[in-house]
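If you scroll down you'll find the structure; I have some questions about it.
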Amino acid sequence: MRPPVLELIDVDKVYGFGRPNAVRAVEDLSLTVNEGEIVALLGSSGCGKTSTLRMVAGFEGVTKGKIKIAGREIQHLPPAKRGVAMAFEGYSLYPPLTVRENIAFALKSQRISPDEAARRVAEIAELMEISDVLERYPASISGGQQQRASLARALVRDADLHLLDEPMGQLEPQLRALLRGRIKHFIHERRLTAILVTHDQTEANALADRIAVMEEGILQQYDTPAKLKDRPANLFTGTFIGEPPMNVFPARVSSSERETVFDLGSGVSLKYPAAIFPPDLRSRLSQESDVCLGIRPHAVRLVDGGLPVTVSVVQWLGDQTHIAAQFASRTLVSVIHDRARFAPGNTASIAISAEDLHIFDADTGVAIGHGKVAA
Amino acid sequence: MITISPIERILRGIAITLVILFFMFPIFWIFLMSFQTNETILRVPPSIVFEPTMSNYSALITGKLETNAGLLEFEFMRNLWNSFFLSVSSVAVGLLLGVPAAYAFARLKFRGSEDIAFTLLSFRFAPPLLVLLPLTIYFQQIGLANTYVGLIWVYQLIVLPLILWIVRGYFEDIPADVEHAYRIAGHSWAATFRKIALPLAGPGIAAAGLLAFIFAWNNFIFALVLASADKQPVTVGALAFVTASGIQYGQIAAAIVLSITPTLLLALYAQRYLVEGLSLGAVKG
Amino acid sequence: MNGIVLENLSKSYKSETVLDGVSLTVPEGRMLVLFGPSGAGKTVLLRCIAGAVDPDAGKVVLGGVDVTGFEPEDRGVGMAFQNFALFPHMTAEENIASPLKARRSTKTIVRQGVDAVARLLKIDHVLSHPPKALSNGQKQRTSLARALVAQPHYLLLDDPLRNVDAKLRYEMRLELPRLLADQGATVIYVTQDYKEAMAFGDQIAVLDGGRIVQAGTPEDIYLRPATIGISELFGDPTINLLDVVPERDERGIYITLSDQRIPLGDGYDAAVGKPCTLGLRPEALAFTDLETGIPVVIEAETPFNEKTVTLALTKRGREVLVSRPAGMPGPAEGESAFVSVNWRALLLFDRQNGQRIVPEGESGRTEAAA
């Protein structure tokens, strides 16, 4: 069996190692990226994602641990010998070269025939919608065009691994959705392997096959977008992933033979037949008294005869409506995919299915169960 | 793990020592010279073993020196005071004129503002002698030659462009929106200058002032031409030790030690402000 | 007239025209959302109103008073900035208090005013901190508090949620419209996030290239965009744009798409024979089992959080984006599928000038299609 394209094994990154003001940017990170996979490193600024990318690219030393590309340890090698291609957040296009020369430059070292190189440049330029600015210089094109040129330069290369740092942050909003689809298709079709660093979860969700969610230098969860949404490992990923953010309610849980009850306070409780939950989750719940309940806004259904809520805000966004309502003395957000019939001040009634509940430990935030399965 | 091997540590130490020796040696040697007599200084080969004497310093302070050629009188302490007075006054005048001007150049983009600012800077490029000859004649005619006022005025050629350009940069680094916000909050532009621009550019103004002070202190040529003995600063005053009967190396060394001490102390003290001033960028965002 | 009135504001820097004759009216006590892509001139327009930038031509009228030549401090506006523009050498409290102090209010009034607005914005616990010790969310609230504290009649908010993290931005998106309405001020709110514009606005003005290109309710702009450009700015994923030429036969006006005859319905007589651009929002497309749909091949699936967006390729090589609610099953990458279209939600634009072709007797119909 072929080794994975990239392996990070117990990697630490400490800035100012040994000094009193040392900062631990990445802690004990282990991560595997397989061939043909698009992986996103997702997190807010300072979470360690950029340090990780720079360690893989070779711009930053590794304090502890190993990095392997195609089974070969590379943490001691200079960037040029690692077989990686990179698109930088600041574009880093060579100013004295035209866009075409910038893109073709990456191919020069690869001993490709001029015809083949020209064909490849034309192809990637069309994909990135920069065919019309190929003969221009970087300084004379817009930021969005520069970013697309920088992406083109990285993707046109043959490399074991493509590293993309905030690749779409400056893209024109009109092109974003289309280019996401095209780039994903391009990478998958050629079985390229790519890692992208981003703080934008929409971008990570749209492009990546797997997402590594990082916070304070620690890998919180590494999973497919669907799993991250349906089975967040802890309250952090639960509330970090998802837009609008997950509704969170502290609850007191009590279980009897027949019923499992989540008391949300203010006289509001969610009751479910105990049999809905599998035995292992039930026994977990019987040991807990305080939990945090997470409910995705899309899982809050507006039904007749459910629990009453008071609508406070209704916002229509074109293809969906966001409704905020007072529920158990907190704000509950619900999203529906058509226009709402409510106005602020109205009473609505909602239902939340047991399979849409995310149950977290109130103290540690670690997931206990997701709907009908124990975590 | 990133570790430093013992060899690397030793090599680093040697390298740093060499650099320090290279830069500090002249100062160190002059410091030693200032405690020696002319005889020991001119000994061949030189030696760092000698009997220290305070005679150089006492001569400087009393202003009287016994030489083979007889009694030499000079006014070193007066020179030191002149240096101090001229530098402080020039910087004060420079700041008073330069800071508001720098603010105007930074914030008001009026017609020709760039040209005027550049012209002011270009005073720094001109060879001083070029300016000096006509200036001397003018000064003599209008009675400004050999006056403090005249000297302070001429010193502005050194001080003002420096202050203007450094402080302007600091003002430009203050986000315009911060000042807009203060004005929209209901304050006049004068209040905005006092309460927002000045405090935020404070470290920069201090740095520029200190730098200007050092430049003014070290000036030689203007004072040489435009001032006679009683208005001369130390840089010119030290020439008195080059006499017809020989050069008084010991006194020159002592004079140098005494005259660089204030600037050296200032520079050490200013370091803090310079660093603080340079990190003003943190205001942004 | 009361409120904020702008007449023909123009501003150029060197050869670049930033504002090109902008006229706007915001009635007393109402909020206008000023939406535009980056570089549209939004920031300069707000600064013209606040007095931080002098327009080359045009008038700014606040509450019936022409304030065009007035100094910023004499206009009685409050403003919050995208980059917060907090005074770095003052505490949060001193920042918030500065508009009150400028009015020479007594210490008690300053104290009470600051406390009230700090409690409203939930920053009373950080009042003694300098800005650099505040999180971005707290900075944003401090800058908002400073704009609100003196209860100005005119409030200018320059993309205040731009530099705040996604979670807080969402919370503020829910609570801010109410909070601003409670202030009773006349508000101009600038944003380049179309969702924020739609969520906030009774009234949205779209600024592009220094001109107001459309003004109206969120419905007007989303369902009846005046130009192709506007239709592209509202909606994520972006609207699908396809080149078509409407034709007429004995059964009526129609367009041909992937060899299928699509009737346009009545009212499009003016479009017949003209090169047009068909606008179809991704949510107006859906995958179907019916072979009457348009055959496509799936290029890539890019899940959003609340919806799944698919890039599909028609036989003719046209790319279309199809959006469906998350959780709804759909075809996988590389598979063939059929797409059905909600034709009632179509938009037709004149390809030459980019203007929408308004069908005769429109209003009721597009509304129902939403």
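Order of writing sets the chain letters: A, B and C. Residues in each chain are counted from 1.
Everything that follows uses one rule, which is that contacts are C-beta pairs under 8 Å (C-beta built on N, C-alpha and C of every residue); 3 or more make two chains touch, one makes a residue touch a chain.
Not measured: the values here are computed from a predicted model.
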Chains linked by the largest number of contacting C-beta pairs: A-C
Taking each chain's C-alpha mean as its centre, the one farthest from chain A: B
Inter-chain centre distance, chain A versus chain C - centres from mean C-alpha coordinates, in Å: 25
Rounded Å distance, chain A centre to chain B centre (Cα mean): 56
Residue ranges of chain B touching chain C (in the complex, touch as defined): 175-178, 180-189, 191, 196, 199-200, 282-285
Complex contact set, residues of chain A against chain C: 44, 172-178, 180-182, 184-185, 188, 201-202, 205-207, 225-226, 229, 239-245, 297-298, 312-313, 315-320, 322, 324, 331, 333, 335, 337, 339
In the complex, chain C residues that touch chain B: 47, 50-52, 71-73, 75, 77-79, 81, 83, 85-89, 98-99, 102-103, 132, 143, 146, 150
Sites on chain C touched by chain A in the complex: 37, 165-167, 170, 173-175, 177-178, 194-195, 198-199, 218, 222, 232-238, 281-283, 299-307, 309-311, 319, 321, 323, 325-327, 333, 370
